[in-house]
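One chain, chain A, links the two complexes that follow: it is found with chain B in the first and with chain C in the second.
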Partner chain A sequence: MQRLMSLGILAPALMALAAPTQAQTVFVSTQLRPIEEATVVRQELLKDAGQVDYVVEEPPQFAVRMEAERQAGKRTVSLVGALHGELSPLADNDTLEPLDDLAKKLAADGMPQSVLDLGKLGKPTQQYIPWMQATYVMAAKKEALQYLPAGADVNALSYDQLIDWGKALQEATGQPQIGFPAGPKGLMARYFQGYFYPSFTGGVVRTFQNADAAAGWEKLKALWAYVTPNSTNYDFMQEPLAAGEVMVAWDHIARLKNAISATPDDYVVFPAPAGPKGRGYMPVLAGLAIPKGAPDKDGAIKVIEHLTTPDVQLLTAARVGFFPTLNVDLPPDLDPGVALLAGGVTATQAAKDAVISLLPVGLGDKGGEFNKVYMDSFQRIVLQNEPVAAVLKEESAVLAKLMTDTKAPCWAPDASSDGPCPVQ
Partner chain B sequence: MTTTLPKTAPASFPSSRRLLLWSGIAALCAWVLVPIYLVALGAFGGRQGVYLWPKTVLPTGVSIEPFLLFLRTEGVVGSFLNSLGAAGITVALSILLGAPAGYALARYSFPGKDGYRLLVLLTRAFPLAILALPLTVSFIKLGLYDTVVGVGLIHTVLALPFAALVTQGIFLGVPRELEEAAWVFGCTRLQAVLRVVVPLAMPGLAATAVFAFVISWNEVFAASVLTVRNRTLTAYLLTVLAESPMHYRFAGGLLLILPSVVFIFAVRRYLFAIWGISSK
Partner chain C sequence: MSQNRPWIPYVLILPSVAFLALLFLVPLVQTIWLSMSDNGVPSLANAQRMAGDLNFTRSLKNTFLLTLAVVPVQLAIALAMGTMVGKIGRGRETILWIWTIPLGISDLAAGLVWLAILQNSGYFNSLLYGLGIIERQTSWLSYQTPVALFLAIAVAEIWRGTAIVMVIIVAGLNQVPKEFREAAEIFGAGPWVRFWRITLPLIRPALQSALILRTVLAFEVFSVVYALGGRNFPVLVGEAYNWQNQNQNYGVAAAYAVLIMVVSLAATVVYLRAIKVDPERLP
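And then the complex of A and B:
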């Protein structure tokens, strides 16, 4: 027994020591992490891109690794795929290889210049290549539509109509039926930055504590009466939707996709509601970048070229639900669930009262603290019922300090600023 | 169990005692097995199966697709071996280093002993997330980055304090007289330890090994920051499991339970014996 045990311990240790290392392009990505999607990336999207080792990583570990490899001066990662906001601190450290040649080529191939310019992250050179995009939408079970208030168009809801709808649903079913991803890993902070604030105040930072914002928070409190209290546990709305815990939900399209693709006939997908200043929405952009000193820069460039071909971009949309950054039309034979989501995205972008909210630029590694300001305000005002004005005043001081510390200028929909974005 | 024998039971039948014994055993087994069975049901029930309510007791619409996807996922086999390797290194090193430390704490009194006992815990006082950056930088410089040995070393650091303190308690439980008797019969100190103390402490050492194994098997953060391609299974799968559909989570859960069960099964004899020691 003893011998068996020590053998059991030593054998794998020796095996591990002898494990061979392969020479491949290492592609570390914070996107497309779930196992099904990672498998799609490995087996379909990267099939003809040469020898690529696709490694997925959560954002905190990603940030640590990139910084550690920079400090140690020895790279193992040749290509990174991450969100705009995750790439921004890397660009601030000047650790990304300029990709202007690739950008020029893609502009000629039909990638909109406005999208490409986001990849500059405020620098003179191209820091990353836009890879795929997404946004946030609302989804509802079809049986919830019968409770829509009279005269309401699901594709042009207002906050008042959403509140009435939630009330009718609660009266009909006996339970609150609206859900938000306000859990620890949910994307609720983006709701405030891209939807709530632009819709109610027409800004995100400048208007943080003005009268419009205070009125908006009161409205949100009214809405929250019809939002399920389990929302603070939800990270991905596809699960409560599929499990029948909620009938109406707001989330990132990739986090709704599984529920909707499984039973596309049961759902409608539509834009988030509009407030007095319009219908805020936030595009999400993931990019591909090459760290300086990458061991296989040529291989990485090949992978970027491969992933930004029209075919692969369309395949990405069809298989994982992230939409192309190239200007290509989605094919008609798209997966019904993805088509439904694409319809919701188009309705959002095409809404007459749409207010586009860009991703924060120049916050560097302070993105998490920026999110925390909004989430803290939400917790204090809505969940703990503290007075709106007092909370906004305190949190605006935190926000103002963050802006001065990072010297981040205003971004849309806030009016542009000289120097750091002021909190008015 | 026998004390709860109900008064109404016909005590004259010896079989009723046995019935009670077996029903107790069945209840205890169910305590452990029913949750595992439910996990298995979720794993095999397919995408919509996990949302069905009420749950059926018998599996319907069995699909092994999630499992196959797991096993077919590139690198699962490699990361499984990496996990075993890292856990093996952790178990070996924490016993080899921790047991002598525990023995010293149990048998010798030296100045600063209490302080040492406290300091040993300090390696667990700093969250890995804070240490991660300097650690990774030095691992890159030392060439341990992206190696199983590196992960094993870090996991050893995490497991060592427990190994030292747990083995201390175990060595305290081995009567000093037995060791002294061995000296009388001509053993050197080392021989006495190896021939008398260690065999008696084996159950406890096995428990320590299980502990170290589980610490290493479950650790995610260090294992994923310190490796790129040579991921451990938990780092490779567990981080993405939380974001996968329910039936994959169940499938992954079942897959990750298995090695621990096998390992504990392998050392079960020693684990049962430890109850004997601790009740002395």
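And then the complex of A and C:
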């Protein structure tokens, strides 16, 4: 610990000494953080974008840094790259430069207006430029397919079929073979908000404790009998998939990519299962924004223009597995693993029963506590086997308070609301 | 010299006092205020939120159980190690050096080492499989195996934290005058009597320091637990981390921090009272 701390003190000092004197555009990103991905960004994606200093920051530290710079009144960051939900509190503080000219240009270059409009974050002006997108899919080892229940199509699974599949896999191998990223850094909360709740209830907040939700939780408990108990330790499903600990997994495409790219012939990628209300799915959108008072606004605009050219967008897909926001076709010589993931994404988006669930908006810095409501419910109902109705009633009170405190209006798939989204 | 210029000692300790005041007292006051206020108004809302949370009782219980299980074992092992090394002439330094290796490893790295041993595809399972004891991978660190998980964390903590206790005990043992032991031997005292009646009372100051240090560290346990148990084994510092980092509610995180400090201070007071040290023997 002490070593880490002294390193932490030393490193910036050394970097300050070593930093070249010419002006650099500081680009802080919460995306593409792992060292391999950050290296791709620095050496390939930003190669011809001028002098850019690409800095990665974990989402909580990102929020703290932006807030600290705002309060200090002195910006060091010229460009930020972050998820839709992470940019939303910055837009709420009115700290982002409007980017309407850029948006107009990109619309003319073929960025779909529906995607661009998400970058307004409910405001009259363009707050961020959509940078790249992703979603969550399921992946399975090909050898698991032989245990699919009769008549089941892997691209149109229902929860009942997934349960039967898990049961057959457990009987054949002696161990539960389905895995979820329910570890401390896993994205399990997004499963509940984007997949479980929309599929079973057609909503996320309004329907939190209704009868459909209770029935859904009972179904999840039935499924969990065939889910490996190590799931509460998994953060990235590519690791247990590659290690052979699980055969079927749900996760973010960027967190499955390493396993699938390493041996693409071993895997199939397919949409998450459908519940009674459809096949919920959550698109993930990362955007680029310029903070007000940025030291190098012109440089930042150049970087945004560079990153949204068709070539760089395709390169991004090929190298890091995030897909273009521009309307461009993926090239045929794409990395086979990424192509497999792209097929899963297309199958999800094209599913007849697809129910889009957007990332939460308007929660400000309460996004973490919003996730906690779903994860606490999961821990109590599924892991600790507490009665469903009682847990949902208690947690819905917490959720309702969060909604009234933040005054966040409903977002899709919940029906829109005047004022804070009600929990019914 | 200091009689001529009585202010000299104060000037000499001034930098360290100022340093501590700036980097310890100020954040401490800020943390206490953060935990006891809500939007700038004094309030117990954070403490209530903390006490009402799903994982509060579990984390409190886990932290205390772990401390109770780990500290006495570490003390016993450290005493045994210290006594054994006292009998060794040649190679003593090498043995001490090997024993203190865990001290040089960061907490998180130690946790990851044990994770590599105990996870499903880890060395422990490979060994059991190789010996024909298990037929397939067994999980030891899941929420379905709380006893194995607790034992795993306790063993990892004992492995990681015993060296610091041993170093203090060895230093204490070195200060026990040889003559006392020799005299006792002449009067016919056996090894056990010598240990209980002479060594143990004489190393009280070292015991006290070791116990205080180790217990406070045990209440602050985090990295090893985080690596091995994650969500399955909540502890107080882990919850503070979650509230700060994931839930981004700094007030509740501060409430946890203050609680940990109070618990640690209470433990220190208990040790100071329970293990009385002769003031003559204080440095």
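By our rule, the second predicted complex is superposed on the first by the 402 of 424 C-alpha atoms of A that agree within 3 Å, B and C clash if a C-alpha of one lies under 4 Å from a C-alpha of the other, contacts with A are read in each partner's own complex, and residues count from 1 in each chain.
Please note the rule applied: contacts are C-beta pairs under 8 Å (C-beta built on N, C-alpha and C of every residue); 3 or more make two chains touch, one makes a residue touch a chain.
Since this is a predicted model, take the numbers as computed values, not measurements.
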First, second, both or neither for A:G244, with chain B first and chain C second: both
First (chain B), second (chain C), both or neither touched by A:P60: both
Partner chain(s) touched by A:Q175 [first = chain B, second = chain C, both, neither]: second
Which of chain B and chain C A:E369 touches, first, second, both or neither: second
Touching partner for A:N230 - first (chain B), second (chain C), both, neither: second
First, second, both or neither for A:P34, with chain B first and chain C second: first
Superposed model, chain A: greater residue contact from chain B or chain C: B
First (chain B), second (chain C), both or neither touched by A:L383: second
Which superposed partner A:D335 touches (first chain B, second chain C, both, neither): neither
First, second, both or neither for A:E97, with chain B first and chain C second: neither
Touching both chain C and chain B, counted on chain A across the two superposed complexes: 1, 4, 60, 243-244
Residue ranges of chain A touching chain C (in the complex, touch as defined): 1, 3-4, 60, 63, 174-175, 182-184, 228-230, 232-233, 243-245, 365-369, 371-372, 376, 379-380, 383
Residue ranges of chain B in contact with chain A within the complex: 47-48, 51, 69-70, 72-74, 78, 81-82, 84-89, 91-92, 129, 132-133, 136-137, 140-141, 145-146, 148-149, 152, 202, 206, 209, 221, 224-225, 228-231, 237, 239-246, 248, 252, 266-267, 269
Chain C residues within the chain A interface of the complex: 54, 106-107, 119-121, 135-137, 139, 141-145, 223, 226, 230-232, 242, 244-249
Touching residues on chain A, where the partner in the complex is chain B: 1-2, 4-5, 8-13, 15-17, 19, 21-22, 24, 26, 28, 33-36, 38-39, 42-43, 53, 55-58, 60-61, 64-65, 67-69, 71-72, 74, 76-77, 185, 235-236, 238-239, 242-244, 258, 262
